[in-house]
Structure formats: C-alpha cells, structure tokens
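Before anything else, here is the set of structures, which you'll find just below.
The following pair of complexes shares a single chain, chain A, combined with chain B in the former and chain C in the latter.
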Partner chain A sequence: MSGLPKFLLRRLAYLIPQLFGILLLSFCLIKTIPGNPAVLMLGPMAQPDSIAALTKRLGLDQPLPVQFLIYLKDLAHGDLGTSWQTTRPVLSDLIDRFPATIELVTFGLLVAILIGVPLGILSAMRQKSVTARIAELYGLVTGALPDFWIGLLLIFVFYTILGWAPAPLGRIDIAVIAPPTVTGFLTIDSLLDGNLDAFFSAISHLVLPVLTLGLINAGPIMKMTHSTMERMLQSDFSRFEVMSGLPRRLVMRHALHNALPPILTIISVLYGFLLGGAVLVEIVFSWGGAGQYAVQGVLNADIYPVLGFVLFAAVFSLFVYLLVDIAYFLLDPRIGR
Partner chain B sequence: MDAQEGPQRTPPDRNPWHQTLWSIVQARPRFAIGYIIVALVMIGAIFAPVLAPYNPVSANPQSALLSPSAAHWFGTDAVGMDVFSRCLYAPRIDLTIAVSGTLISAVIGSLIGAWVGFHGRSKGVRQGIGFVIMRAADVLQAFPVFVLAIALVASLGQSIQTVVIAIAFVNIPIYLRLMRSQVISIREMKFVEAAEVAGVSHSKIILRHVIPNAMAPTLAQLSINIGWSVIMTAGLSFIGAGVRAPTPEWGSMIAAGFQNIVTGQWSPSVFPGVVLAITVFGFSLVGASVETFADPAKVRRLVADIAARKRRASAPRAALGRGQ
Partner chain C sequence: MNGPLVNVTDLRVEFPSLTGPDVAVISGLDLAIEPGQVVGLVGEAGAGKTVLARSIMQMVPEPGRVTKGRAELQGEDLLTMSERRLQRVRGARISMITANPRGELNPLLPVGEQIATMARVHLGQGRKESRETARAMLRKVQISDPDRRYAAYPHELSGGMAQRIVIAIALVCGPQVVIADDATSGLDVTVQAQILMLLRDLAREQNSSMLLITRDVGITAHVCDRIAVMHQGEIVEAGDRQAVFLRPAHPYTIMLLAAFSHNKRLRALWSHADADKAAPARGEQACSYVGRCPLAQARCRAEKPMLRMIAPGHEARCHFPVVR
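Here is the complex of A and B:
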C-alpha cells in the first residue's frame, strides 16, 4: 500500500480547487438575491443609520472580491449566516438536522442496493428470462415515477387503509422519549441508550420513507449492474473460465468483482443526488431533516438555510466521491501505480 | 408523429417504407407505445379547451372531494375543481417548462462542449479555457441537482421563467460532456482536416461539420431529459417552489391532494401522479428509440431481430414446402 498516500495526496490536490469552486458558486447565489441583505436582515422598520452601520459591518460596501474573502473568512469561523425563522445560526441548525437526512438516505440507499444489485445480476445471468424482462420493465418504470408520489401511495395503503404504519409525522412517536443525541441517528442512539421502545418506534417510522427511496433508486443501480455484468460475462476472461470448466458460482464472482467499479460509481452518484432528492420524501413524511429545513427557507425567503444546505450537500458529495476513489484504488490494482 | 402512428392502424402494404416501419413496430412494440403516449399527451394539451369537460381553474365548493364518477372521471379536489380537466391542461405548463429548459441546456451545453472538444488538443489559451470549463462542470455536478435547482429558484425569485432557468442550468453539464466526448473523436477525422486545409474557419467547421455528426447521443438524451425535467418541475411545484395553484400543474395538484390522502380521498393526488408517470414513461421510451436508431450496434441488433421474426413467420410455410 505504498501508493495509497501518494494517491490520496493527488486526490486532495484535486479536491481543493473543486471546494473553492463550490464556495464561489454559492457566493454567487447569495449575490444574485435582489435587494440589500442588511435591509432584509433588519426588517422593513429599520432606521437608515442602522442599515448603513450593518452594511458597513457586513462589508457590503466593499468591492465583490473583498466580499468573497469576507465570506470565506466567515465560513472558516463556521458562520453560515443566521436563519431569521429559527433565529439561530444556520450551522447549528444544520448540525441538528443533518443526521436525520443522512440516516434516511443511507438506509434508503441500502435498500436500493439490496434490490438493485441481485436483480441486475439475475437478469444478466439469464438473458431473455422472465426475471430479465421484469427487471427491464422495473428499470423503465422507476425512472418515470416521482418519489414523492410513491411516498404518498405508500402512506395511503399502509397508513390510511391498512393502519400498519405510524402516521407520517416525523422520526419517532411523540409519546416515546427520544434517546440522548450521540450520533444523531435515532436507531443507533436508541440502541446505545438501551431504549428499545425508541428503537422500534424509530424503525417503524423509517420503513415507509426508506422503502420509497429504495424502490425508486434501485432502478438505476439495477440497470448499471445488469449492463456491466453482461459485459463482463461476455468478455474473454469469463468465457475462458467457462471453457476451463470453472463452477458457475466462481465465474459469477469474478465477473462481479470486475463489475464493481461502475456499480460503486452509480451508488456514490446516487448518494450525493439523494441528499437533495430526499428533500421531497422528507417533506411527505415531515421528517424534520436538513432538506425540509432548506425548503422552509425557500418558502419563507430565508436564504441562508438554503445555501448552508447546498454547501453541506456539495461538500458531502465530494467526500463520498473521495471515499469511492479510495475504494477504487483498493479494488483495482491498476489505478494510481 | 402521424408517420409513426399511421402504420399500426392500417395493415402493412407493399410500400417498403411503411413495411420497414411496421416491422420495427412489431420487433419493438414499446417504441410505438412511447410515441403514442407522447402524441396523446400533446394532443390533450393542445386541444384541452375543447376536450376538458370543465374549466380547470373554476372552484365549486358544492362538489368538493367527489369520488371518480361519470360526471367527474378523476373526481374533484378539495375546492371542487375537476381533476380530469386539470390533468389535461397540466402538460401545457409542465411540458413547456420541461421542453424549453431542456432545449436551452442542450443548445448551450452542446455548443460549449463542441468548442471545448474541438480545441482539446490545441495548445495555449484555448486549452486552458477548456480545462477551466470542464472543472467548472465538475463543480456544478458536485451540487445535488434538486437542491441546486431549489437554491436557484430561491435566489432568483419564484416564477415559471426561474424554473426554466434552474432546469436549464443544472442540465448543462450533461450535454457539455456528451458533446465533448463525441467531438474529441470526430475532430481527428479526415473531413475535418480537409475543411481546415480548405481554409474554413473554426467556428464554421464546428457548426457545419462537427456538430451535425456528433448530435446523435444528444438527441437521445434530449427526450429522456424532458421526462426528468417534468419530474423536477413537478417536484419543485410540490414543495411550493415552482408553479403555484390554481394553475393546473401535476406537482402542485399532487401537493394539494396530500392532506386528503391521509383521510382517504385518494383521487385528487393519485390521478395527476399516474398521468405524470405515464407521460415521463412515454418520453423515456421515445428516448430509447432514438438511442437505438442512433447507435449502429443497436440498429444491427434490431435488424437481426426483425430478420429472425420474419424467418420464424415464414418457417412453417417453408417446412411445409419441403415436406411435399
């Protein structure tokens, strides 16, 4: 593994300009908001001299590059602005809510992988079988369905009609005492606390939104698994293995190992995408996560929560891509040496 | 559209052009389904004033939350507006936003992508600009698509134009990459060199000779992307950041029916979702057909399928002939 530190260093050199670009774009987004932010922050009743004072304090009278430097300095101090709705710093609001989103997205993606990868492998193994046809149709249909609508359907069937699922109002029953926050993941926190009531309540609230995300996002994972597995099984090394009389299980395993990088890529792209895509599902289930917080900001002209979330999400995606690059490096010995 | 639909209704005649189309429809029935769906939605939207049984925005509190019936095919919503009429009108907004947003991003993205791909090998400033553009595309794609669209709508102000701009903006990197990767290989071809030797200007070469030969993947992407954009428009409207009620729009209709679904009145939310899903499905099938026709390998497989079909159809007769 002597190549790994060098590889990481090269990736980091790539990451920093990208991070800079993300910050620049989010700064531009702030600047496109019409009106003086000082006026917006102080409200319509503000006195002209206090507006002038705040304008000066925020550095809004400075040229744009200087304002960008001020913005960077504030970010370095963890200042993402203040939300006028919660009257709290956006950073602490986001830190409270981000784990809820990550928990939802992570479980949703796990379900998607559990459906998508086996279905893709099965349909690649048996071309033109019933499974392959069902898988193909599944891929086409999930691409056309809006996830928030599927969430509504699930609520209608499993809450309204059958009464199996809890009401779509948050992450845990109001009657159940939530565990003390350690990781922010309710499932893990309640287990750490030994609070089984909270654990089962959290799980039952997770089922429908996680199913919504899982069912929809299994589509692209399935398609990618199918196409790469098909390519691998038709390639020379697989045919050679078959001719040599290797057991089918072994041939499949080697093919899957070689098909993993593209599958990992689509999963990582989905992870970043879901962080934003889950916003709709969060709203349907009143999840109270970071996405819902951002949307509240949009609807109430509260821009800093939105930008804070965008920034968080973009940085999170970059981080996931970095992890995937490291996984590539470990999976494929040809990379970076 | 008529040309694609015609042959399914009339039996195949001797005309080879029609026959080809008919055998394609037989080998790939789902392509035909896609074109039919898209055509029906468009016809429904264009002739909505004639076809819709009710005014899509007139509320009638006396007939609120009715179940589907002969008078109201899809039922009525919480304020008594006819869901079927609203579903018919909705593509006027949804498709306009999706198509214009996608077209804008395709034109801008393809032009930039072609330029970057064309100058990829040339030294100096142009290569530098190309490098910066590609890194900018990386940055843009690091942002989660939907959140970026929300942020754009939030900072530009909420309106239909903003939704179009947001959709165009987030899709540009897709077309940029598609076109660039095509142009990089086309740039090395002899006809481009010939044009250069003949003294044709670079911008003219790109527009006249390179882009037309690199367009196929972009065209296939276009139809699929319109489907995505419809979902995104509906999503933005669903959270209240896109088109606002009472304008008939699928996403805001689903949102309006959300409160009722918990109490059991499913029709105001479910029907707009079904119509939306079928529309997007149709566009992705059309996209799949364009992808097939644009890819020589896939066309070869299609031709092989048609040939196999014909052989199977004539096989019993041939076997009979041999037997006699």
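Here is the complex of A and C:
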C-alpha cells in the first residue's frame, strides 16, 4: 500500500481549488436572483433612504467582485455571514441543522443500498426470472413517483390509519428531553448519553422519512448494480471462469468485486445530491434540516445561509468522493499506482 | 481405452434468424479426437469453428442452441450433462484457451491466485499447497521470476505473458483435452510460435489431447497429427497431416492451401474464389461449396455430398474429389 499516501496527497491538493470554484460559481448564481434583502428586511413601509443606508451597511452597493472578496475574507475567519431571518450566524445555524440532514440522508441511503444492491444482483443473476421482472418494475416505479408523495402516503398509512408511527413533526418527541449535542446525530448522542427513551424516539421519528428516501433511491442503485453485474457476468473473464469450471458462487463473487466501483460511484453521487435533494422529504416531515434552511434562504434573498449550505454540502461531497477514491484505490490494483 | 477420447457425432447447432427459419451454423458434424492426439481444425472466419469449440464446452454463445447430436468425453455426453457435473468436467478434464488472454483473466486478482484457485477447486488442494502448485505451473509455462509474477495483476503483463498464464490455468489440473481456439492470433508472430510450441510440449508432457482451432493453416502444419478442414459448418476434409497437406482432395482444401502458398499465382486462385463468394443458401440439397467451387458440376447442385473415405484415414465431402 506504498502508493496510498501519495495518492491521497494528490487528491487533497485538488480540494482547495475545487472549493474555490464551487464558491465562486454559487456566489455568482445566487447574486443573479433578483431581490434586495434590504427591502425585505425593512418591510413594505420602509423609507427609500433607510433602504439605501442598509444596502450600504450590508455592502450590497459594492461591485460584485469586491463583495465576493469580502465574503472570502470573512470566511477565512470562520465567519459565514449572518442570516437576516434567524438573526444568527449562519455557522451556528448550520451546525444545528446539518447533522439532522446528514443523519436522515445516511440512514436513507443505507436502506437504499440494502434494497438496491441485492435486488440488482439477483436480477442480473437470473435474467427474465420473476425477481428480475419485479426489479425492473420497481426501478420504473421509483423513477416515476416523487419522494414527497411516497412520504405523504407513508404518513397516511402508518400515522393516520394505523397509528404505528409518531406524528411527522421533527426528529424527536416533544415530551422527550433531547440529549446534549455531541455529534448532532440524535441516535448517536442519545446512546452516548445513555438515554434510551430519546434513542427510541429518535429512531421512530426516523423510520418513515428514511423509508421514503430509501425506497426511492434504491431504484438508481438497483439499476446500476443490475447493469454492471450483467456486464461483468457476460465479460470474457467471467465466461472463462465458468469455462474453467469454477463454482457459480465464486464466479458471482468475482463479478461483484469487478462491479463494485460503478456501484460505489452512484452511491456517492446520491449521497451528495440528497443533502439538498431530500428537502421535500424534510418539509413533509418538518425535519428542520439544512435543506429546508437553504430553501428558506433562496426564497427570501437571504444569501448567506444559501452560500453556507453550498459550502457545507460541497465539503461533505468532496469528502465522500475522497473516501470513494480511497475505496477505488483499495479495490482496483489498476488505479493510481 | 476403447473408442476416441472426444467423439462429436452428428452435431447440429442452430441460431435464430430475424428473417427466416433458424440457421444451422453447424450441421451433421462428426469429429473424433484420440487420446494424446493433436487435431487441427482449420477453416476461414465464419466456418463455425468457435461455435463447435463452445458446443463441446456446453457454452454455445447466445442465442444459439444445439439441436441434434452428441459430444462425448470418454463415452459420456457433455451436451446432456447436468450443470453440477459439467462444473467438475470443465477446467479439470476439458479446458479451453482463446484469443484474448488479457480479457480472460480477472483484472482484480493476482494471476498466481487465479491458477491456485483452479487447484483448490478441482484438485481439492489447500491454500498453501495450491500456491506451490501455481508456482510450479508458472515455471512450467516458462515465466521468468515466477515468485514475483505470482502477485502480478493481468494489466501488468504483456499479451504473450498473459497467454502463458491462461495456458497455466487451462493445464494446471492436467486435463485430458485442451481446446485452443485461435489461441495465438492476438500475439506477435515470434511469440505465436513460442506459445504454440509451449502448448504442444506441455500437452504432450501431460499426455493431453489437443484441438487446435485456427485460420492459419501454417500453424497446423507444425504441430498437428491430424487435420480437419471446416467450411460452412461442416467438415469437408479430414485426414492425417501428411495426407491433407500432400494430397488434398477437396477443392476447398486445395484453395485454402493455395492461399497460404508462397507462390503468387497460387495465392491469386484464392482471391478469385473469394471474389466469387456468392455462397449457396445453407440449404440441404446442394454441396455447401458449390458457389465457389471451380470444379462444380450439375450433381453438386442437386445432391449434397457425404463425408466419405477416399484413402485409409482420409475423408472428403465431395462428389468429385481430386485424387492423384
């Protein structure tokens, strides 16, 4: 594994320019959204001269490049700006909300993997079998149905009719005392605190939104698994293994090993995408996560929460991609050596 | 042992066609391989050589299927064998080598492991023992520095080296028959000869029979005991190497040999024949070669010739074999 440190260093060197590029792009994009925050902040009765004064105080009268440089300078000091809606620093807002989203998305993705990968393998193993047909239909359905609709359906069945699930109002029961924040993940924090009530309450609140995300996102994972597994099983090396009389289980295992990189890729892409992509599910379940926060920012010309969210999401995605690159490196001897 | 080691009789393999009835890619084919014998199967591209090899392995490429005949290994029909039993025959008693060695190897497994896996699966060897077997096999296929190459991955090897690994995998369990389907065509000419000699020597050492499938007649001249010439899914001529090379009887064989001749005018014969490739439909009622045959007569269009003996151990599928 002598090449791994070198490989990692090379990957890390890309991180800073990548982040800079993402920030520049999203800054410009967000600035093209019409609307002056000063007008929104002061309300409809504001005088023009007080609007002008606030605009000046916020630095909004400066040219765009200057505004960007000021933002970068503040960023270097750990200041992500202030949200005028919550009147709090964006950093502390995001530290409150980001773990909620990550917890939701992580569990959702785990469920998606647990459904998608085995289903994809099974349907690639037995073409035209009942399993393969069900898988195909499943892929079609998840592609066609919106996630919030599934969420509403689950709420209707498991909360309204059956009463098994708690009300879709946040991450934990109001009556349960939340554990002190360590990681921000309620499931982990409650366990660290030894608070089982909080743990089970957090889990029960997670079930429906996680199921919603899992059921929908299993679709693309299943399709990718199916197609790469199929390709690997039809490849020359699999055929040669069959021709050499290797047991079917071994042939399957080798094919899966070869199919893993593309499967990992789609999972990592989904992971990054879901941070923002889960926002509708967050809204349906009143999750109070980072996606909801960012959308509120976009709707109210509150640019710092949006930029902060983009920055957090970008760092998170790049971190996930880095992990995937390491996994690639370990899986495939052809990479980076 | 009585009877041939491999005995293919009346084999017929069909592929569905979009426009008409199923097409027989192989029809009524007989082929026998005696123990320890090296049989060369020659014919132009599209003759059905690979389909034949894959049929013997019970791995006919989709969507083709065997519709008739038997392919026996020591009297046991491979075509009706259960998947479980086939698994124990493939690689252990019959193995196959093909033209694309680097594609045949699992890219994510050290090549030595791939040889050792065979020893574990088919010879029931343990981890340590199988590694030893694999190392010994690497030496046998003349790979330099076998201990280091054991841990190499396929992408780190040259084509010739990869083909040696494939040969090692195919031969490590000491199979009774090795089918080499165009095994050297992807390699350099100089490497081709080396690989071919290596394959022949190893097969001889293990007393394995070999079916050597190729488009290159020259290859068969060096290593084969017996030659079978294939055309449009049929064997058109078969005989001892000497007989086929010195006294070719079927017009197609003569053309094929002419194509590999050093004589320019002889080679021109082939290109003429090729230009006139208006082949007859793969119908049952005419000789399959009649459209290209310079010696065709009325009977060739009306009646399909059978493979019949023209001299001891020498057969041709022709109404008017060239006999000297």
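Here is the rule we go by: the second predicted complex is superposed on the first by the 296 of 337 C-alpha atoms of A that agree within 3 Å, B and C clash if a C-alpha of one lies under 4 Å from a C-alpha of the other, contacts with A are read in each partner's own complex, and residues count from 1 in each chain.
As a convention for this text, contacts are C-beta pairs under 8 Å (C-beta built on N, C-alpha and C of every residue); 3 or more make two chains touch, one makes a residue touch a chain.
Everything numeric in this text was worked out from a predicted model, so none of it was measured.
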{"item": "Touching partner for A:His257 - first (chain B), second (chain C), both, neither", "value": "second"}
{"item": "Partner chain(s) touched by A:Asp236 [first = chain B, second = chain C, both, neither]", "value": "second"}
{"item": "Which superposed partner A:Leu211 touches (first chain B, second chain C, both, neither)", "value": "neither"}
{"item": "Partner chain(s) touched by A:Ala100 [first = chain B, second = chain C, both, neither]", "value": "neither"}
{"item": "Chain B versus chain C as contact partner of A:Arg334, first or second or both or neither", "value": "second"}
{"item": "Contacts of A:Leu280 with chain B and chain C, given as first, second, both or neither", "value": "first"}
{"item": "Winner by number of chain A residues touched, once chain B and chain C are compared", "value": "B"}
{"item": "Touched partner set for A:Ser244, first chain B, second chain C, both or neither", "value": "second"}
{"item": "Footprint of chain B on chain A - complex, ascending", "value": "17-18, 21-22, 25-26, 29-30, 32-34, 140-141, 143-146, 148-149, 152-153, 155-156, 159-161, 167-168, 272-277, 279-280, 283-284, 291, 294-295, 297-299, 301, 303, 306-307, 309-310, 313-314, 317-318, 321"}
{"item": "Residue ranges of chain B touching chain A (in the complex, touch as defined)", "value": "135-136, 138-140, 142-148, 150-157, 227, 231, 234-235, 238-241, 251, 254, 258, 261-264, 266, 269-270, 273, 276-278, 280-281, 284-285"}
{"item": "Touch list for chain C against partner chain A, complex", "value": "57, 59, 86-92, 95-96, 98, 100, 103-109, 117-118, 121-122, 153, 155, 166, 169-170"}
{"item": "In the complex with chain C, residue positions of chain A that touch it", "value": "235-237, 239-248, 250, 254, 257-258, 331-334"}
